[in-house]
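First chain A sits with chain B, and in the next complex the same chain sits with chain C.
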Partner chain A sequence: MTSTALSPPRRRAPARRVRARRGDLFWIYLFIIPGMVLTAMFVFYPMGASWYFSLTQWNGFSDAKSFVGLSNYRELLGDGMFWGSFGRSMVFVLIGVPLRVALALILAIVLNNIIRGRLSTFFRTVFFLPVMAAASVIGVVLTFVLSPSNGPIAFFLETTGLTDAPVEFLSDPHLALWSALLLHTWKNFGMTLIYWLAALQTVPSEYYEAAEVDGAGAVQQLIKITLPILIPFAVIIVILTANENLHAFALIQALTGGGPYYSSEVVEVYIFRTAFAPDAAGGVPRLGYASAAGCFFGLATLLIALLQAWALKLVADQRARLDR
Partner chain B sequence: MSLTTTAMPDAGAATIEEAPQPPPRRRRRKRSERLALIVGAFILLPIALVWVYPFIWVFSSSLKSNAEIFGSLNPFTSTLHLDNYVRAWREADMGRYLLNTIFVTGMSIVISVTVNALLGYVLGRYTFPGKKVIYALLALVVFLPQGYTVIPIFDLIDSLGLSGSLWGITLAEAGGVSVIVVLLFAGYFAQLPKELEEAATMDGAGFLRIFAQVYLPLAKPVLATAVILQFMHAWNDFLLPLVLTLSQPDLRTLAVGIYSLQNQYFSDWGMMSAASTIALLPIIIVFIILQKYFIESFSGAVKG
Partner chain C sequence: MTVSTLRFRRRSLIGGAAALAAGLSACSVETGSGTGAEEVAAASEGFSFDFDADASQATALSWMDSGDLKALFIDPVITSFGEQFPEVQVQYDGSGWDQVNQVVPLGIRNGSAPDVFALPQNVPAESAISEGWVQPLDDVIPDFAEWRAGFPDTALINGVHVFDGKVYSWPMNSTRRLDITQYISHEAADAAGVSTPIESVSTWDDLRSLAKEITAAGTPGILSTSDHLDVVIANLANTAGWLGNSEGMNMQTGKYEYSAQEFLEALDFVRSMIDDGSFVPGYLTLKDADARAQFPSGLAGISLNGPWDISQWAKDYPDFEYTILPLPSPDGSDYTIPFRETGANMPWLYADSTNVDAAAAVIKFMGSLEGQRAMVELTEGFFLSTIEEANSSADTSALNPRAKLVADLAATFMRACPQFEIRSEHAGAVRLNLQATDPGIAGTIEGILTGQISDPEAALSDLDARLDEAMEKAFDAAQAEGAEVDISQLQFPNWDPSRDYTAQDYDELEA
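Let's look at the complex of A and B:
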């Protein structure tokens, strides 16, 4: 954030905090209440409630809940469907994250160091565009674009003779997950690109000038200056990207609904089906069981949040070093 | 510059100073840089075209008849089929969904930005008993495992009697405080001078007026970030409005409505393209106009 002309030097900021006068205290607490009430309603209560629901059997909102202890979790551990979806979510993290982070870094370096000015801004805008689109809407659009009958891609592949038969990108069980992963990478690529560009801009330009005086070439500058400074940012960017890849529900639900034959069903799609769309599974909605799956999965993503805190500290340390 | 000229008024020294010592090397570098730029641009241009192709396809298909869309790559059409939009608006209820989305997005921005700004203001400018508790709660928001919160939120909206109105979705989309935004506000207000408050107090302004008329208008950069983040979230969010409108099709937002009509109109690509364009175009236009602010807002996640 840029500071206005009025603002004093940053160092002195803490001393400027005002000790509240008695009359102000009323207003201070009044200012806090709305935020705390909404947070209690939409963060803390749902968190606690979903943990409680995970200990119950509950078939639909009109039904009564019955407390069943840990039996949902016991069932979950032996549920092949759940672990299958868990494995697919891991594919999204273990393959999707390195792919996106590496490609975005390459493009970011190109846009930061080689292509500059307006042209660079133009490309940044283009590559960021899919991020702005609603994932569910873009998912629907892509089912048309990739349709094996009448879709433009199928038409292109056929008229150029690249394929004999139309490729079933989304309806072939061997392909669907990989198509979804690539499309998810395409959709969110721009976000990772922006993160890298922000990180690259923290490299002080004097470093490059000094290296140039010493006669270091472009490649040497990249290896000796740019990459070492980027490493702590890399940790954060990997974590943010991993977090995004674990939450691909909207795009996949609209693209394939987890099909065909559950071949693209990631954890969130599995949970949604268990809770709200049980027809395919031939049964009643299982809100308690879905909550258990959600809580279990939440614990897994919590690990990621903890890593994030650690990484942010690394960056803060590095910034302190650079500022000196 | 003025220093060097006074120190060395003699013209010969000045020419020596400006004498091109490194130029031969620098000029060669510049030429290679320009070459790299041209090569880079030529490689990126086709990639960029493929990148936005789905958008080009959907915008152009929204103006074509289905016969023209099927099995064709040509983005242009000889006659504009605006009837796709008419059908999307009337038959597929996109008019209603658009209004719902505008209401939910607009009101949730008002609620969430106000709430976050109020909290950030007192955290940034005052010390008071209980401040540490608030910070501890904010940390909990980030670090407690989420679970599957959409079920309890549905339950809560239902028991508040809001499940039949857009206000339920609006409140849920506004949600709890956004920790990042609160911290941005707190950091920004903390570095504004306290003399502004003293001056305003002498003019007889109270706590509320000092906040609303003195400090808040100075926090425009953070306000922009807060509005942008909530705008993106509310306009595009899917799971929450999907679940909240499962039995209330009239309350759907665009992101949910287009998904829900996918099966019903699976063969009417022209109309579905028009519907998708109605959902995609507004946010893309806003983004292109205000992109500097958008990019800055998202960069904050990395730069801290």
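Let's look at the complex of A and C:
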């Protein structure tokens, strides 16, 4: 007896079902096409064009582009201004992400488990409101709020005797980046909070009831039940938050413009300045070079996201092994 | 009712929002605040304009620039043109630099650019010409040779207005205008026990002492923002005898001289006032527009800024009292500030305009003696013409006394320095190859004042070296492209900084 004889008889799908399936596929692809076209126009084409521009010397408005190969990338590797801004973007990720993710998780647990009802809804709304506002508008308003000469915060700090002199939150080079980071964290805090609240909804309440019966306290419930269940969500929340922290252009441009003396200049602001607003009389913009900076930064961002996903997955796997 | 009339009403309604928006926008050339319909109507009352052209081919005329003070002149002229040629629909958009920077390139790409426009700030004229954005005026302005002859010999400059022998634009107004003067608030000075009006603050020590007194009385002494702090220091250096022009180059040597002793002394002087605590806290992130708006309400006692503040204060704070003084020098002696007379607010004619005859008619009038005189009078003297007769023959009763004062100060202290662009018809090729130096003077000054740069002299020497190197590379690139230029053409050994450098001086140099 051959193996062929042992295999189950093939069942051919009825012709009517195949026709129906083809009909479904037609409509599916038809409705996908507009989205695909728009994505191609506004996502894939600009991405591809940026890679091409990064290999040229081009000012952005003339037809004359000269192909320079990897010259822009070589120059970029030795550009201290670029690496300075790159480092500041990394500060936004390495310090800003843990800060926001941890604070948002704590508040989410409080809102989910301790403060309930309308008060919880009220706080969720309050924390989410800044997310809804345009970053540039918030940035401009905050420059007035934080103004050391006549801003309300400076007035409060001085009249209450907390400070002797006005605090220059945005114009002190030692404070500007940290002020921008904290304001960016506050502005986007609500989004991370919503992620965590959604994740917390997935923890079955029966687990807590069983733990209570077994005599587990709140801390033990948090460590033994809540956090292990949330770890898979943490992967995506950290990646999303890191992505947001790498895109802080609008807020920083409105708050400090990257100053004073580049002390708060992150990569996006550097790219903007190089591409459109060089700091010198008579200099022409360098869109090709700025594109190289953008492509390089995009690759670095992708690498960071992959590393984050890998590291968090590693933690989750180890945790799962320990729990077995 | 013309389109422009409708627009004025809308603009009046959003005037408040525009003021805020002005604070959000970054302008490299400050020419003051916007203006409302009533002001334009009032300002243009009694003026009539004669347009010497046949505009029968045109159906519309659209004009776009950054607005500000020049709107006081352009708006009534274009409105008047629309009234004289009712078949031509006229529209003037003085919408700010942000709009110009975005709308003009988009309009060029889709063929709907305004008939006349200001070039976006980051587009060099050479690029606009080589890309075919604009067209020369030679063949479109009636009696062009006569019109051109109305300008002084050095007014139309190679690489600025003239390219390959063709005139593409013209200086609407003169750049002989002090970028920085002292504005001393009487309220702040009175509070410090200083009698007003203040007759003189003629030495650096005078300024420092006054700033200290005002600060001690509770109001920050000095208001100056990072937007133009480098210009303040450069002009103070000029008062100490520094020969650098607005780009930092000494035109006798053809080298950048930010590390010169006079510049370092001016820098030290500003740092001493900062160390005194006399500067407004947060000056490094304060924007010019916000500073201008807040100064009359007591932000500081002394503002170091340009004459464009005056018209906005007159409009928004008519009761604000202040003294206008020139910058002091180290010991009170006279000084000169070299400036590049390139002209300002240049309009450009769209290459694909279908309303060339209408645009040419308006441009011809604006560049004529009558048009330039009307500009001086309509801007109340805040704009001066490159045509001296237009300034001297303007009706003095139409001029704002404060504008007259700052114009007199400019005439006293400013002297036109030589320009490579006037000397070489291939200057545009060099300009197009000149790469930005990063950080430039503004960034370096910021780094020094915040203490992030510990050795100012070394940093400024490094900046000079980088600027000189960028210039040498630009010359090399221009030569490689076939331009007949030599870097020695940046040197003008016959320049006497105490007087204007004239066409005769250029001739003597070449002889």
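The criterion applied here is as follows: the second predicted complex is superposed on the first by the 264 of 324 C-alpha atoms of A that agree within 3 Å, B and C clash if a C-alpha of one lies under 4 Å from a C-alpha of the other, contacts with A are read in each partner's own complex, and residues count from 1 in each chain.
By our rule, a residue touches a chain if its C-beta (ideal position, glycine included) is under 8 Å from a C-beta of that chain, and two chains touch if they have at least 3 such contacts.
Everything quoted here is computed from the prediction, not taken from an experiment.
By the touch criterion defined above, A:250 lies against chain B but remains apart from chain C after alignment on the C-alpha atoms of chain A.
Of the two partner chains placed by the overlay, only chain C lies in contact with A:81; chain B stays clear of it.
Of the two partners chain B and chain C, more residues of chain A are touched by B. Of the two partner chains, both chain B and chain C are touched by A:276.
In the superposition on chain A, contact of A:194 is made with chain B only, not with chain C. In the superposition on chain A, A:62 makes contact with chain C only, while chain B stays out of contact range.
Contact with neither chain B nor chain C is seen for A:210 once the two complexes are overlaid on the shared chain. Shared-chain residue A:166: touches chain C; no touch with chain B. In the superposition on chain A, A:34 contacts chain B only, with no contact to chain C.
Once chain A of one complex is fitted onto chain A of the other, the partner contacts of A:260 are limited to chain C, with no touch recorded for chain B. Counting contacts as defined above, chain A residues 61, 140, 143, 150, 154, 276 meet chain B in one complex and chain C in the other.
Contacts from chain C toward chain A in the complex involve residues 24, 26, 105, 120, 122-124, 127, 130-131, 220, 226, 246-247, 280-286, 294, 299, 431-432, 434-443, 446-447, 450-453, 467, 470. Residue ranges on chain A touching chain B, taken from their complex, read 1-4, 6-8, 10, 13-14, 16-20, 23-25, 27-29, 31-32, 34-36, 38-47, 49-51, 53-54, 61, 110, 114-116, 119, 123-130, 132-145, 150, 152, 154-156, 186, 191, 194-195, 197-199, 202, 233, 236-237, 240, 249-250, 253-254, 268, 271-272, 275-276, 287, 290-291, 293-295, 298-299, 301-302, 305-306, 309, 312, 315-316, 319. Residue ranges of chain B in contact with chain A, taken from their complex: 33, 36-37, 40-41, 44, 48, 51-55, 57-58, 61, 69-73, 111, 114-116, 118-119, 121-122, 124-128, 130, 134, 137, 140-156, 158, 171-172, 174-177, 182, 184, 187-188, 190-194, 196-197, 207-208, 211, 218, 221-222, 232, 235-236, 238-239, 243, 246, 254-256, 258-259, 262, 269, 272-273, 276, 279-280, 283-284, 287-288, 291, 294-295, 298-299, 301-304.
Residues 59-64, 81, 140, 143, 147-150, 154, 165-166, 168, 170-173, 255-257, 259-263, 274, 276-286 of chain A are the ones that touch chain C when the two sit in their complex.
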